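Should a chain be cited, it is by its letter among A, B, C, D and E, assigned in written order, with residues numbered from 1 in that chain.
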Amino acid sequence: MALALFIIFGVLCVAGALNLLFQRHPINSALSLVVVMMALAVIYWTLGAEFLAAAQVIVYSGAIMVLFTFVIMLLNAGEEERTTGSKAAYFVGIPGVAGIIALLTYIFLHEKAALGYARLGGSLDTATSNISEISRVLFTDLLLPFEVTSILILVAILGAVVLARREQ
Amino acid sequence: MPQLSDFHLFLVITLLKIVVVLVITLTAVAYTVLLERKVIGRIQNRWGPSRVGPFGLLQPLADGIKLFLKEDLMPLAVERPLFVISPMIALACALVSIAVVPFGAVHTVHGVDIFQIADINIGLLVILGITSIGVYGIALSGWSSNNKYSLLGSLRASAQVISYELALGLSLVGVVLRAGSLRLRDIVDSQSAHGLLSWNIIGGLQIVGFFIYLMAAYAETNRAPFDLPEAESELVAGYHTEYSSMKFAMFFMAEYANMITVSCVATLLFFGGATSPFGHMFDATGPAWLSMVMPVFWFVFKVFCFLFLYIWVRSTLPRFRYDQLMAFGWKFLLPLAMLNIIATSLALAYHG
Amino acid sequence: MHLDQSILSLIVFTPLVGAVVLALLPDRGKLQPAAALIVTLLTFLFTLHLPAHWHSIPAGTYNFELDRVWIASPNIHYHVGVDGLSMWLLVLSGLLAPLGVLASWNAIASRRKLFYTLFLLQQVSMLGVFVSLDLFLYYAFWEMALVPMTILIATFGRTDNRRRAALKYFLYAFIPSALLLVGMLWIYNGTHTFDVPTLTYLAATHQIPGSAQALWLASLAFLIAFAVKVPVFPLHGWLSEGIQEAPTAAVMVLAGKLGLYSILRFSFGIFPEQSHRIAPLMIALGAIGIVYGALLAYLQNDLKKLAAYSTLGHLSFITLGIFTFTAMGVDGGMYQILNHGISGGALFLLMGLLYERYGTYDMRALGGLAKVLPWIVTMFVITALSNVGLPMLNSFVGEFLILAGSMRTAFSAHAVLWCVIATTGVILSAAYLLSMIQRVFYGALGTRSREVQPIDLNLREHVTLWPLMILFLAMGIGSTYWMRSLHPLATAYSSAADVPPLKNPIVHVEAETYVPVNGGQR
Amino acid sequence: MNPNYLWLIPVLPFAGFLINGTLGRKLARPAVAGIALLFTAIPALLVAWLWSTMLSTGALTMSVTSRSWITVPGFHVNFAFAVDHLTLIMLAVVTGVGFLIHIYSAGYMAHEEGYWRFFAYLNLFMFFMLVLVLAANFLLLFVGWEGVGLASYLLIGFYFTKDSAANAGKKAFVVNRIGDFGFLLAMFLIIAHFGSLSFGDVFAAVNAHPAWQGGFLTAIALLLLVGAAGKSAQLPLYVWLPDAMEGPTPVSALIHAATMVTAGVYMVCRTHVIFDRSPLALSVVAIIGAATAIFAATIGMVQHDIKRVLAYSTVSQLGYMFLGCGVAAYSAAVFHLMTHAFFKALLFLAAGSVIHALSGEQDMRLMGGLKKRIPVTYWTMTAGVIAIAGIPPLAGFFSKDEILYRTFAFEANPMLGKLLWAVGLLTAGLTSFYMFRLWYKTFAGEERFDEAHLGQAHAVVHADEHPAGHDEGQDTSHQGHHGVHESPWIMLAPLCILALLSIIGGWIGIPQALGGSNHFEHFLDPVFAATTHAENAVNADQVSHSMELVLAAVSVLVALIGWFVARIFYLKKPGTLGARFGNSALYKLVANKYWVDEAYDATIVQPTVIGSRILLWGFVENVLVNGSGFVSAAITRLFASVTRKMQSGNIRSYAGWLAVGAAIILIAMTASALHIH
Amino acid sequence: MVPIAYYLILAAVLFSIGIGSFLIKRNIITIFMSIELMLNAVNLTFVAFAHQWKLIHGQIFVFFVMVVAAAEAAVGLAIIIAIFRTRQTLNVDNINLMKN
């Protein structure tokens, strides 16, 4: 069943990503990305990261992508024009992408045995649930980064407000 | 059914559960509409629907048939795929949340809990997540309609939903802190000890949290007094101006389904869910089926009370102005929710 | 924690806190300079703790040490400590900072907040360089010193050429720093430590792994970075313009101390043999630089340029001294670092005062000021004499020891020749400095000095200059007080034969003990 | 006397300097002068006390050492003072003459701007000079050495608004520095060979190794000589001294005649142990001395500025002293030093009095006939002139004659000795000539000055230079009292004392040949013992006594000839000499001081300046040093012009490069990882 | 039982698509979205490795990445709005302030 889930949602991911690539209207791309994220949330869940799955849905799909959609609506972005700004992007970038994907695939397949297998559900051997483990680590060992992150968010909010505010 | 493996059995029972719950929910949706019309009618000193069937009980059926049979208009300027898909998103999101709600005491058949479709250890987060996805339905519908009233309505709606989601989420933290879990069953169980007295709203001292939740929930569902996205006087009908027939029906159903979901959550989190207000006082009495049905009864009763409250509020309070709405959400509810969290955690730390 | 342990951190980070405070304070009236003055005075007060609680220690050991792990892997420590040299450099920097603030009191009239904040940051990095006993920590401060100074020059420069000067300064200092970094990392690769005492010990016992060729290259990487910062003779391309542009407070700390200290501590400490090997070249460059700087100084019409080449000459003296590897030369060189800080600083201060009044550094436009500015001319003459190396004033002791050492050095085949060439510096320095005095102060009033109402020193300027004047005399007569604590280092560098015993024996020297963090799990 | 009182001798003038230097501006003039005099008088009294103590106890030396001054591992220098007989004489001269000149200055400078400054500088000079003579090691000697140079610089440039004065001060300092350069190198050599700078250590080491002859000792001696030549204005480096006359006249008397310029002689005498080991160095000293003597004397003959005549005469007399040193007649040199201090100070002060009388006029062509107008000055000056001319029984005769005799009897190199003696004798004649020339031109003949306009011409000249005001400079201050007038007694009293000393000062050193007992030489015996033993042997010889008498007679005769010639040309037939030689090339050569300044300028200063401007500034600095930066910048720019095409400003192309870069890194990592596997 | 490698390959594919989209798309918002896609791909590898090593820290890192992504989205979109206001275009080929 794990494999089935993986294939279903993996294919969904890739399809969504490709749709993002091929759709010319940004809103379609955005929705494709939402699909990718939802599918990824499921894959997280299959890897035993329930909390992340929920967070993925809430943060990514529910907040970030909504924000994107919002901006698209606000700016009334239309279909993108086919301009040629850069040849380098195609002549250098595409082979580079191909190289990356080929190499990574090769490496991962090469190391397949060493990497091991995923078990559906809880990945942690400990009896404590995933979410309490996360919170324990987050609020003990990594308290400082956590707090710093909250400052980061605060700064980002202020920055966004300042940037987006119309000049008086 | 010996030939069925555990897995297949699980599949079959689950599917069955889904179908039953869906049917009941949709019916409930339909009759909530009727209820609303009746109650408002009574409040406004008139009868409400009374012609179709006894006491107008068949009115929802008639409405349904009407909506199904109406011509499905497709305006020319719309973004066709999105226009079509957004009501579906809205309805689906509204309905899916029910899946994690435990509407009765634990009762297993072949190892499967029959009073809850899915028992997930992050049930509360799932509800929040699905609620947040629901925004897409509104946002996309408004935008794809290619109509400025729709767009404004949807922008209002989604901004409102996103804004109040924060207060909503934070208002629940107190409850989660008290239960120590995000699983809805655990939350319910944490309130089951002494009936009414151990409900979160009373025993858990979450009355502030409850009221924040209540406000936020009204805003989330775009209900009065926060129904600005559908303010007829300003925006015709808001984001579903261009919709008709079945697609309109979906939005309509989504709204009421959302009401039900929110009421369920309120029940679960603050009013002890499917537990009896009298605690375990009458557990021993009565036959076994009674102990199975009574929790469901209590649950449905509580949800009904909330729905009634919804309707009551709608017919009583006037609509907010938009800036008041935002100010109320950001400047009042959000800080209050935070204070509530702090107070709760301090209290818990003090006791613990 | 005991004060002796925390004092160095206190010294280094007080200006940092001050910089933050200044950045938060409004830029109103004299608030910024006043705050900066308080901060720098406080820092100076802290630095005075060091000589007051100084314990005599052998070379290779440090007082007021504090060693905490900063980053576990790579093995980087927050290791601070001072020996005699760095202690006095700290005190010197501590002293110059409030004087710099006082000198900028009116000179910096706009964007005060930026100026004083940067000034304090510059102070932090400089103090940090002197206390660091971990190469990496040191490098962090070393690079950090660059940025505020560059911005100071680029923002508060005197002419439109300031951007160029700042860029030049930055590039000259930055590019060799990259070499330094490479050298550092190479060393770390071999020894797995950035700890300077440990590295010094390893170097002294020939335990730094690597071929002779590689060590030679690494030593060059170190030396070039430092030599540019000093600057040593042909690498002084940035000096003239930098000094011309930089505001007084910045120019006082622009050249000399950092580079020379680094040579002494790191080049000599970690690469003793390689330093011996390059000594003949450096001796020659030092001697040439003395004469070169003096001759070019003589040609200048611009006071600041003159001071720039004079600085080059003085720094060449020090370079010559420390590379003689004689007790006299090294001792004198180290002492001369302090002296140059004071004498050169005073010279720049006074030039700044003139500029504040007359708005020009052009000697042709000045002249005859002695009549109208009796105090300034007195201070100027005393400062010039200190720079010339008049006996009983500070610089004489250093220059004398340097030259005497250069005569005796074993590291140059033509020691006597270079000594003679270097000694001509005393003639030439007298020539250009006295010419300067004459052109600025004597004779008839110049065009510019006639136009401007003369104003002699005010109280603030007196307060700024008198400490330096008193120090000239005190350091000229009581040199032993300062040099006592410099001797161990001088002895260590003059006789490379005996290895200083290490206070804390090192544990992780073998390469095998280094295990990558998750290397075992594959 | 407690040796620790030695510290007081130099420190008191320094205290005077500090007080006057910081507070003097606000003090009244009598207070300033009082402080300066007090802090000079006490050291003088201390020296007198010291003298009496040393005479009574018979202790030969006294020394005091303080804590360390400079210490480095393996080498240290203390503040150390030592007094022996040589020092005692120097101390006496310095404090005595110094005190007299302070008194004189109080009158002479009475109307000057910067009165406090002048006395502060004078006290500073006293401090350094006393350090110089008291020093017990080379470095402390060098402190005094440089210090007096500084004081000299400040005092020469006292009228700093005059460019010539400022130039002269600078020139003095820089030329002195050339000498110091030699001195420093000598010290480095001493450190390198002896590891110490203490006189005691070094001389003991030399005495302990009789085998050391020449070699490094010659090098040290010659380098010391460079220093001495710079300070004592000897031949290659004498150029600063005539210019130094820009300073106020008391300064010329004190620093540039009596004390500072003799420091070189003192130093050679002090380090005679080293010079004794190097015949070559001694010969060089003697030759330089003789050459300087005659060279300066010839120039002195044709000068018109009264102070310049005296300046060249000083150079010439210093040459005598060097000549004495060079023939190892150290005590004779010191003797001449002392008598010279008396009569030259006298001459300068008297000249100052003349200048004062004429309201700042220094040109002898505009003097004459002053005998009646300023009689005290006249008579004291006469004593000085006769003394310097070497006419017995005044002081100059004995000391000069001693040197000439010793030169004649120079054993180490008889040929050279005779030659130098001839030169010295000729110089003696010239000295007599130009001194009497000065005397006649100043005091005899008709009055060539315009009394009504005295000082005004200068005032006008200076008014051109200093439009700022009339209160500047030395000359305008004399305007207050027109007319030729005798100086006040505060100035004349020192003149009288010095005149007395010039007359009787030589009597303490009357050689045995003339029936004296040469107390002076015996007094110095402990210092120069090693050298003088050999000389005593010569003295003991009766034949040489007669020879000495003959030589003395010859020199007196030469001096009288000089006087006679001067009398003919400047009293009897004034103007004839000028008429005959005025246009000759020789006269022009001499009158222009052999174009030495110009030659130095053309051969050393200008080539250096122009060379450094063209080669160093133009080529090395701007082409090599800065150019290297430009070249590397240009190379970078060249590369950048290619690579910058990558930075198209289009974010997508950046991403493309990023992607390919990531791919390349991945490939590299994969390759290396696989390689390891 | 799914090999972890498959998850990683999925991540690599998503990541590559993200880069490709970055290269190809002209709309700045879409480009921004492809960055999010890449972030998500990386998150997937974190989760997969966390699963493999049985360490919670991988998940926590993903949590931080999400937070940063949220902050980045907020600021980034604000910048986009600002750019759109001044230049009236969302086409990156027309936004080349960095040129020269």
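In this text, contacts are C-beta pairs under 8 Å (C-beta built on N, C-alpha and C of every residue); 3 or more make two chains touch, one makes a residue touch a chain.
These figures come from a predicted structure and were not determined experimentally.
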Checklist entry - Through how few touching steps can subunit C be joined to subunit D? => result 1
Item to check | Chain labels contacting subunit A and also subunit B | outcome: none
Next on the checklist: Report the chain whose CA-based centre is farthest from the CA-based centre of subunit D.
Outcome noted: B
Checklist entry - When all chain pairs are ranked by how many C-beta pairs they have in contact, which pair ranks first? => result A-E
Checklist entry - By C-alpha centroids, what is the most central chain here? => result C
Checklist entry - So how far apart, in whole Å, are subunit A and subunit C when each is placed at the average of its C-alpha atoms? => result 52
Checklist entry - What is the distance, in whole Å, between the centres of subunit C and subunit E, each centre taken as the mean of its C-alpha atoms? => result 48
Checklist entry - Hey, how far is the Cα centre of subunit B from the one of subunit C, in Å? => result 73
Checklist entry - So how far apart, in whole Å, are subunit A and subunit E when each is placed at the average of its C-alpha atoms? => result 6
Next on the checklist: Two-or-more-chain contact residues of subunit D, please, as numbers and ranges.
Outcome noted: 648, 650, 652, 655-656, 659
Checklist outcome for this item: Residue numbers in subunit C touching two or more further chains are none
Item to check | Pairs of chains satisfying the touch condition | outcome: A-B, A-D, A-E, C-D, D-E
Checklist outcome for this item: The residues of subunit A that touch subunit D in their complex are 85-97, 99-100, 103-104, 106-107
Next on the checklist: Under the definition above, what is the set of subunit A residues touching subunit B in their complex?
Outcome noted: 1, 27-28, 31, 34, 38, 50-51, 53-55, 57-58, 61-63, 66, 69-70, 73-74, 129-131
Item to check | Residues of subunit E touching subunit D in the complex | outcome: 19, 22-24, 26, 31, 92-93, 95-100
Checklist entry - What does subunit D use to touch subunit C in their complex? => result 21, 25, 67-75, 139, 142-143, 146-147, 150, 153-154, 157, 160-163, 165-167, 169-170, 173-174, 177-178, 180-181, 184-185, 187-189, 191-192, 465-466, 468, 472, 608-609, 612-613, 616-617, 620-621, 624-626, 628-629
Next on the checklist: So in the complex, the part of subunit C that touches subunit D is made up of which residues?
Outcome noted: 168, 171-172, 234, 236-237, 292, 295-296, 298-299, 327-328, 331-332, 368, 370-371, 374, 378, 381, 385, 390-392, 396-397, 400-401, 403-404, 406-408, 419-420, 423-424, 426-427, 430-431, 434-435, 438, 441-445, 477, 479-480, 483-484, 487, 490-491, 494
